[in-house]
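Worksheet: one structure, shown below.
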Amino acid sequence: MLFLQLLVNGIQVGALYALTAVGFSLIFGSTRIFHVAHGATFTLAGYVFYELYSVAGAPWIAALAAATAGAGIFGVLVDRFVYAPIQRHEGSFFTVFVASFGITIVVQNLVGTAFGRGFVSISSPLSRSVELAPGLYAPPTAAISVLAAVVCFVGLHFFLTRTHVGMALRALSENPDLVRVFGLDPRRLSSYAFALGSLLVVPGALLTGATAGLSPALGNHVMLISLAATIVGGVGSLRGAACGGLLLGLAENLALWQLDPQWSEAVTFVVLFLFIVFRPAGFFGRVATQ
Amino acid sequence: MSAAVPALLDIRGLSRRFGGLLAINEVTMALEAGVITTLVGPNGAGKTTLFNLITGYLAPDAGEVLWKGRSLRGMPHWAIARLGIARTFQDLRLFTHMSVEDNVLSVMERSSWLWQPGGRRERRAKSARAAAILEATGLSDRARVRAIDLAYAERKFLSLARIMATDAELWLLDEPASGLDLRSYDRFLELLRAKAREGVTVCIIEHNFDIVQRISDRIVFLDSGRLIADGEPKAILADPHLANLYFGEHAA
Amino acid sequence: MIAYATNLATLIAINAILAITLNFIMGYAGIFSLAHALFFGVGAYTAAWIAMHVTGDFFLTVSAAALVASLLSLALALPALRVREVYFVAASLGLQVLGTTVFAEWKSVTGGIGGVIGIPPAELFGVPISDPYAFLALALACLSLVIAVTYALVRSSFGRSLTAIRDSESAAAAYGKNVALIKTLAVVVSSALCALGGALYAFYLSFINVESFGLDTSILLMAMVIIGGTGTVLGPIIGTVLLLLLPAGLSYLSFLPHTEIGSIQQMIYGLAMVVLMIFRPGGLVGARSLGERK
C-alpha cells in the first residue's frame, strides 16, 4: 500500500515536473539559452498567487491570471534586458549562464526578504486528501495536476504544430538558419519562446504551493529538476523532457520506499549523473555533445 | 614506386556511413613520401571526412589506414598525431585566446607535464624556433597578439605556422588558402613548396583551380564518397567530364 | 578591532585559496564546476578526522586531505572528460547535491548536521598553532604557496595545453595533446590545493559542519572568481576580498536590519554577476572576454 501511495504522489509530482521541464526545454531548444532563472519564474508565480489568493483574499481566477501574467512577463523581460544585450556582444554559453544564475540569486533573496525564508502554503479545500482505497490517500490536487499537465501538453502540441509561430519555434530548435525562411525575426521568436516556456511553470507553482508549500529556495530545486529532466530526456526533445520530468518525480517519491527522505534529492542526481556519464544524449537525444 | 617499400600512408577500402549517407565509400589510395596530393571534388564529396578518418577523429566502419605499414585502427586521435600526422581545419580552430606565439609554442609541446620539460637551453631553442616560424609566415610583429584579434589572412597563416611547428611528416591541409588575397597566397604557395622540398608529404583539399594547377604533383578526385579519378594533374584537369563535374560548378 | 581584522584576513586567505583553485579549472581549463565546495568539505573533514584520531601535524593532515580530495576529484574528472557545458554544469551540480547529502548523513565521520566539534589546533613541528596571528601567518603562507604553484603551472607548457584545450579541444588533440590526461591532472591539482584550504578552515574554526560546504558556498566561490575575473591571476583574489568585505561593510550601515544582511549580500553579488555579464564579461580585472565557444 505504501508503494501505491508513493506511486500516486510520484505521478502528481512528476506531472508538474514534466510541465516545468518542458518549459525549460522549449526555451533551451529554441534559443540555446541555458535559462536557469526558470526556477525563479516558478517561485515568483507561486508567491504572486499566494499573496493575492491566500493573503489578500482575491478570487482564485484573478490570482491565477496575475500569476500567469507575472511569469510570462518576467521571462520576456529577462530575455529582453539581460540575455539579449549579452548575446549581442558575446553570446558565450558561460556568460549567459552566469547572468541567469545571478538573476536566480537575486530573486530568491528578494522573495525571502519579502515573504520570509520559511515555507508558506496555499490552503484550499482541494488540497485536503480523500481516501481512495483503505490506506491510500490522494488530494484532488493530484488529479488536477495530471489534468493540468495533459491540457497544457495538448495545447502546446497544437500551438507548435498548427500555428505559424509554433512551427517557427520548432524549426528554430532544429536548425536556426531555417528561421529566416519563415521570415520571422529571431528576437521576436525568442520572446515567444520565453513567454510560452515561462507560462508552463504556472500550474506547477500553484499546485506545489497547495500541496508541499512554497519557499524561496524552491526555485533552486525546480531549476535542478528542469535541468535534470531536460538532459535525461535528451536535449532538444520536448517529449523527452516531459518523460524525464515524470521519471524524476516518480524516482524521487519511489525512493522513499527504501530510503530516508533526505536521500530523495540525491537519488535524482545519481540518476542524472549516470545519464550524463554513460548516455549524454538522453532518451530521445540525437547527438552527444562532443 | 616499388611495391616492396610501404607507402607513407596507405588507405585500404575505407568506408564510413552517417545514418543513410555513405560519406566515404571504399576508398583506397596511398600517399607517397614527398608528394603533394590535391584532394578535389564537389562539396559533400567526403574530403574532410576522409581527413577525419585518417586522423582518428572518426572511426571507419570498414577498411583501415596504415602508417608506414602499421595499422592505426583503434588509436586515439592524439596518439595518431604524435606519429607525425598533422592537420589544419577548415574553420581553423586556433587557440583563440592565446597569443600567436603561444599558439605555436603550445603545438611544440605535446607531452606537457606538470613541469617545464627541458632546461633553460631547450626553452630558448624552442623560442628561437617559434620565432623562425613566425618570421617565415610573416607573423613576427604579431607575436604577442591574441589569435582572435588577428585579421583573416593572418589567421590562415597562423594555422599554417601551427602545423609548421609540429615536425609532422604528413600534412593534411583543409582548404588552407580559401579567401586569401593574391599576394598572400603567392607567399603561401611558396611556403608550401619549400616544405615539400624538405620532404614533407602534403595532402591538400582545395577548390581554387589555379592553386590546384600550380601546386599538385597528383590529383585525387572524390565524388559522393567514391574515389573516381587519381593521377597526374595534366590528365585529370584535361578530362572534360571531371572538369565539368567540379570546376564547372566553382567557375559559375 | 584588531582581532576582528585578523579574523577577516584569515578567512580571506582561506577563501582566496578556494577561489584561486576554482579559477584554475574554470578560467584556464574551461571546466565550469559547481562542486568546488565539495572538495573544500572533503579537505576539512579529512583534516578534522586525522587531527582528532591520528595526529595534529599540519603537514601530515594536509597531505592526507589533499590525497583524499584528489582521489575523489576523479568523480568530477569523469564527466568533465565526456561532456561539456550544460551537461558538465549539471553533472557537477549533481555531484555537489549528492556530496552535501553524504556530509549530512555520514554521521560517524562528519557528525551529521551537528558537525565536528573540538578539532585540536594544527601542530607545526610539534608546536600547536593556537595564536590567531600565528595562524594568520600560516594561512598567508599557504595562500602564497597556492598562488605560486598555480601561477607557475599556468605559465608553463601545462598551462598552455590547458588553455589550448579550452579554446579548441579538437585542435589540441589534433596536435598531439592527450586531452583526457591533461584535464584530469588539472582537476586533481585544483582539488588537492582546494583541500588545503579546507584543512586550514577546519583547524582555524575548530568546528565544521555541512552548512559551510553546500551549494551556496560553491555558488559564492563561483561569484568570487567571476566578479574578480576568470582566467586572471589577480581576479579571484580581488573577488574574494570584495565579497568577504561586503557583509562587514553592510553591517556598518545601521539602517539595514541585521537579519537581512546575508540576503542583501547575496542580492548584491547576484546583481553584480548580471551587470558584469552584460557590460564586462571578463570580470573586474580581466578586460578580455570569456571567449566564444560553440
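First chain written, first letter: the chains are A, B and C, and each begins at residue 1.
Basically, a contact is a pair of C-beta atoms (placed from the backbone, for glycine too) under 8 Å apart; a residue touches a chain by one contact, two chains touch by 3 or more.
Nothing here was measured: the structure is a model prediction, and the numbers come from that model.
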Field: Central chain (distance from its CA mean to the mean of all protein CA atoms)
entry: C
Task: Have a look at B-C versus A-C and report the one with more C-beta pairs in contact.
output: A-C
Statement: So, in whole Å, the Cα centroid of subunit A is separated from that of subunit B by 47
- line: Whole-Å distance, C-alpha centre of subunit A to that of subunit C, is 31
- prompt: Roughly how far is subunit B from subunit C, going centre to centre by Cα mean, in whole Å?
  reply: 42
Message: Quick check: what residues of subunit A touch more than one other chain, meaning two or more?
response: none
Statement: Flagged in subunit C as touching 2+ other chains are 291-292
- prompt: Which part of subunit C faces subunit A closely enough to touch in the complex?
  reply: 32, 78-79, 82-91, 93-95, 97-98, 101-102, 104-105, 169, 215, 219, 222, 226, 260, 263-264, 266-267, 269-274, 277-278, 281, 289-293
Subunit A - residues contacting subunit C, complex: 28, 34, 82, 85-86, 90-99, 101-106, 108-110, 112-113, 220, 224, 227-228, 231, 235, 260, 262-263, 265-266, 268-270, 272-273, 276-277, 280, 288-290
Complex contacts: residues of subunit C adjacent to subunit B: 153, 156-158, 160-161, 163-164, 166-168, 170-179, 182, 185, 189, 231, 288, 291-292
Query: Okay, in this complex, where on subunit B does subunit C touch?
result: 55, 57, 76-79, 81-82, 86-87, 89, 93-98, 102-103, 105-107, 109-117, 146, 148, 162, 166
